[in-house]
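Each in structure tokens, the structures are laid out below.
After this come two complexes, each holding subunit A, first together with subunit B and then together with subunit C.
Entry: the complex of A and B
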């Protein structure tokens, strides 16, 4: 256990030391030393009475809530619409071209449009994230639901599995390997769009902290934000993979023996 | 029990049109084990899918226990050839067997017990918590037989059920079918392309012609029971019958 951890992670301290040495040698105010960044992060965010300072709580929490909330909305919408479209032949004939067009729009492009359309703040941010990340979920759900093995559906028909049960116990699990492929993409996209949506017109959030640090040319604070984002992305991805691993055990097993 | 009257089915139209079944008449008595044999691609599966209500035949009628088949009859179960696709890989073996029981008026506990009992009767009492991919092909097909048994159908259809397993497993599964039919009161229609199998397992063998399929032979099998893989197959009646069925399948009828 410890041995594998060391094996996998030994490069991290090496890279940090190298970074420290290089920034010391270069001595450029735009490239602050990691020790300076960490000291600054501690002072700004982690020196509060319960570790987190007010600034950290007031900015990290809204970002994470928006991120997780929007992701939840996109997942629910994407899977529900995707399964409905994938299981209904006439619906997918009409909707496929629309979906293909809409997903070709680069997500950040819609941000200024939403700024005008919605109330400044959370509405715009949620709209930007949801619109940006729903496409991989939707397309993969359509694909997964459409390609459920015919014999599996026929088996359900023969044994009179009721419609609701058929959706939950047969169509969704059968489509789940595809759906998870879409979800994996959406997790990393959501983080990107959260930051993009907070850079302008926001009054709190990690993106807001980055934007104001940039305005003040406060390089250690800017780099501190980047580090927090990196850690956040890593944690989210790890959590997601844990869930995926649990949910798709059968799939890996079935593929190995097939 | 099962009445098929002038069944006809045509797939598609134009140049891809395929006339699969033409004026097929067949009747199966309560409790009978009927084997249907015919050359490959003769429309056996179309026949089975029509009885199961999975396709709507273009002509003729099918009645199960006097009821016209429009959709799958509630008292009918199917064992498909391709167990690896017909069992749900994301469910444990016990859940696969218990799922069809959800439409019946049973508590969770009753469903679990029925599934266990069915698995026990196919010799897989210990496999309930496993997943299908952890079992061999023959064991997976036992699970689909258990699923059909737990459902307690009046009519069990089997579509080339032993077509994808090795010879030894095949014999074991044939004997399993003979064993379970003794315990459960049900009618079985088993479709196969294996002539020996049809004679060994069946009470009666119906031979279909090449497509478009119709009945070209209908033979009663009167072998001493219980049947046995070695002695039944060397019985003079068995040898005679398999030759008879073989000729019918090849289209050189002798009767």
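Entry: the complex of A and C
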């Protein structure tokens, strides 16, 4: 166990030491030493009474709440609409080009639409995230719900299984591998849009911390913000993969025996 | 293709008719959407929404707007420089990591730490490190676009038929020849998929950088500029650019998808 960990991770400390040595040698104000970055992060964000300082709580919390909240809204909307559209066979030809087009719009372009529509702040950010990430979820849900095995549904119908139960027990599980593929894309996209929407004209959030550090040319704080966002990205991704593995175990098992 | 040519005359015309029917339904869908949009706006049902006809007129107007064309050129230029650089960087690294397991195992932890860093988080940093702004834009595009290409190359190389590689080796081809003649061709479809994914990322990054820089040109700067207008023209401009960028995204993706199908037809057979 320990041996494999050492084998896998030995390059990480080596890379960190190399980074420290190189930045010491170069002595470029834009490339602060990692020790300086960590010290600055501790002083700014992690030296509070309950580890986190006020600055950290006031900026990390709104970011994460907006991110998770908007993601939840987009997931609920995307799956509900997607399954409804996917199960309505005649609709697909009419709606396909519109959905394909909407997906092709680079998500950050949504941001100014909401800048015009709302006053700056949470509304803009939430709307940008929701409308930016809903398309992969929607498209995959449509695709997944459309390609459910007909035999299974017809069998269930013949045996008088009510529609609501057919949805929960047959359609959603059959579509879930596809849906999860869309969800995985949406997680990283949500993080990207959260940052973009906070870099410009926000008053709080991790993106705002980055922007203000950049205004002050505070390089250690700027690098520190990148580290925090990297950790956030890592944690979100890992959590998502855990949930996905748990929800889709049956799928992989079924595929293996098939 | 072979299936289509062996079809009888009647079969082919049914196929063609089905395709025309589908196209017609596509067109009806789009027309209904535009009509609802136009009505919702004209009747005042959705107050902030300018009518579809006004927006579409502006979409065409933008094609003759030198200021917009310059901004569009600036965005596309960064993408056109950045994507090939990302390919040149990521494909060799992916081949190396894919063919030499020791290197892959060594660097896996580093890769796993770097990959989740959202590339847009690096925007302010890149603006300090790379000047002028176009360099920062290209650097970020290269960084962000490299990941999907690298990962796909890695998967592609792992998927190589070991029998083919062993056969070549047993005829005493060197490992460079094995990579060149077996790994690269058989990983090529994966690599191409990675490039297609990367192409959409280049636009996301370019536009995001332009938001933050503001004055440096590009579609992003144009959008921010447009959104600050106080009259109704703000929404018309923003929607028109949105339609443009969607169309560009769609065209690029369709072209790459077509190229992918054509180039790797041998793979499906």
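General observations
Convention: the second predicted complex is superposed on the first by the 250 of 258 C-alpha atoms of A that agree within 3 Å, B and C clash if a C-alpha of one lies under 4 Å from a C-alpha of the other, contacts with A are read in each partner's own complex, and residues count from 1 in each chain.
Methods note: contacts are C-beta pairs under 8 Å (C-beta built on N, C-alpha and C of every residue); 3 or more make two chains touch, one makes a residue touch a chain.
A quick note: this is a predicted structure, and the numbers were derived from the prediction, not measured.
In the superposition on chain A, A:251 makes contact with subunit B only, while subunit C stays out of contact range.
In the superposition on chain A, A:225 makes contact with subunit C only, not with subunit B. Subunit A is touched at more residues by one of its partners, and among subunit B and subunit C that partner is C. Residue contacts after overlaying the shared chain place A:157 against subunit B, while subunit C stays out of touching range. With both structures placed on the common chain, the touch criterion links A:165 to subunit B but leaves subunit C unconnected.
When both complexes are overlaid on chain A, the residue A:104 reaches subunit C alone and has no touch with subunit B. Judged by the touch definition given at the top, the superposed model places A:50 against neither subunit B nor subunit C. By the document's definition of touching, neither partner reaches A:89: not subunit B, not subunit C. Taken together, the two structures place no residue of subunit A in contact with subunit B in one case and with subunit C in the other. Contact residues of subunit A toward subunit B in the complex are 149, 151-152, 154-155, 157-162, 165, 169-170, 173-174, 176, 250-251, 253-254, 256-258. Every residue of subunit C that touches subunit A in the complex is listed here, in rising order: 22, 25-26, 28-30, 32-33, 48, 105-110, 112-114, 116-125, 127-129, 200, 203-204, 207-208, 211-212, 219-220, 223-224, 226-227, 234-235, 238-239, 241-242, 245-247, 249-250, 253.
Subunit B makes touch with subunit A in their complex at residues 52-54, 71-72, 74, 76-78, 80, 82, 84-86, 88-91, 99-100, 102-103, 131-134, 147, 151.
Against subunit C, the residues of subunit A that register as touching in their complex are 7-12, 15, 30-31, 93-98, 100-102, 104-113, 115-117, 188, 191-192, 195-196, 199-200, 207, 210-211, 213-214, 217, 219, 222-223, 225-226, 229-230, 233-234, 236-237.
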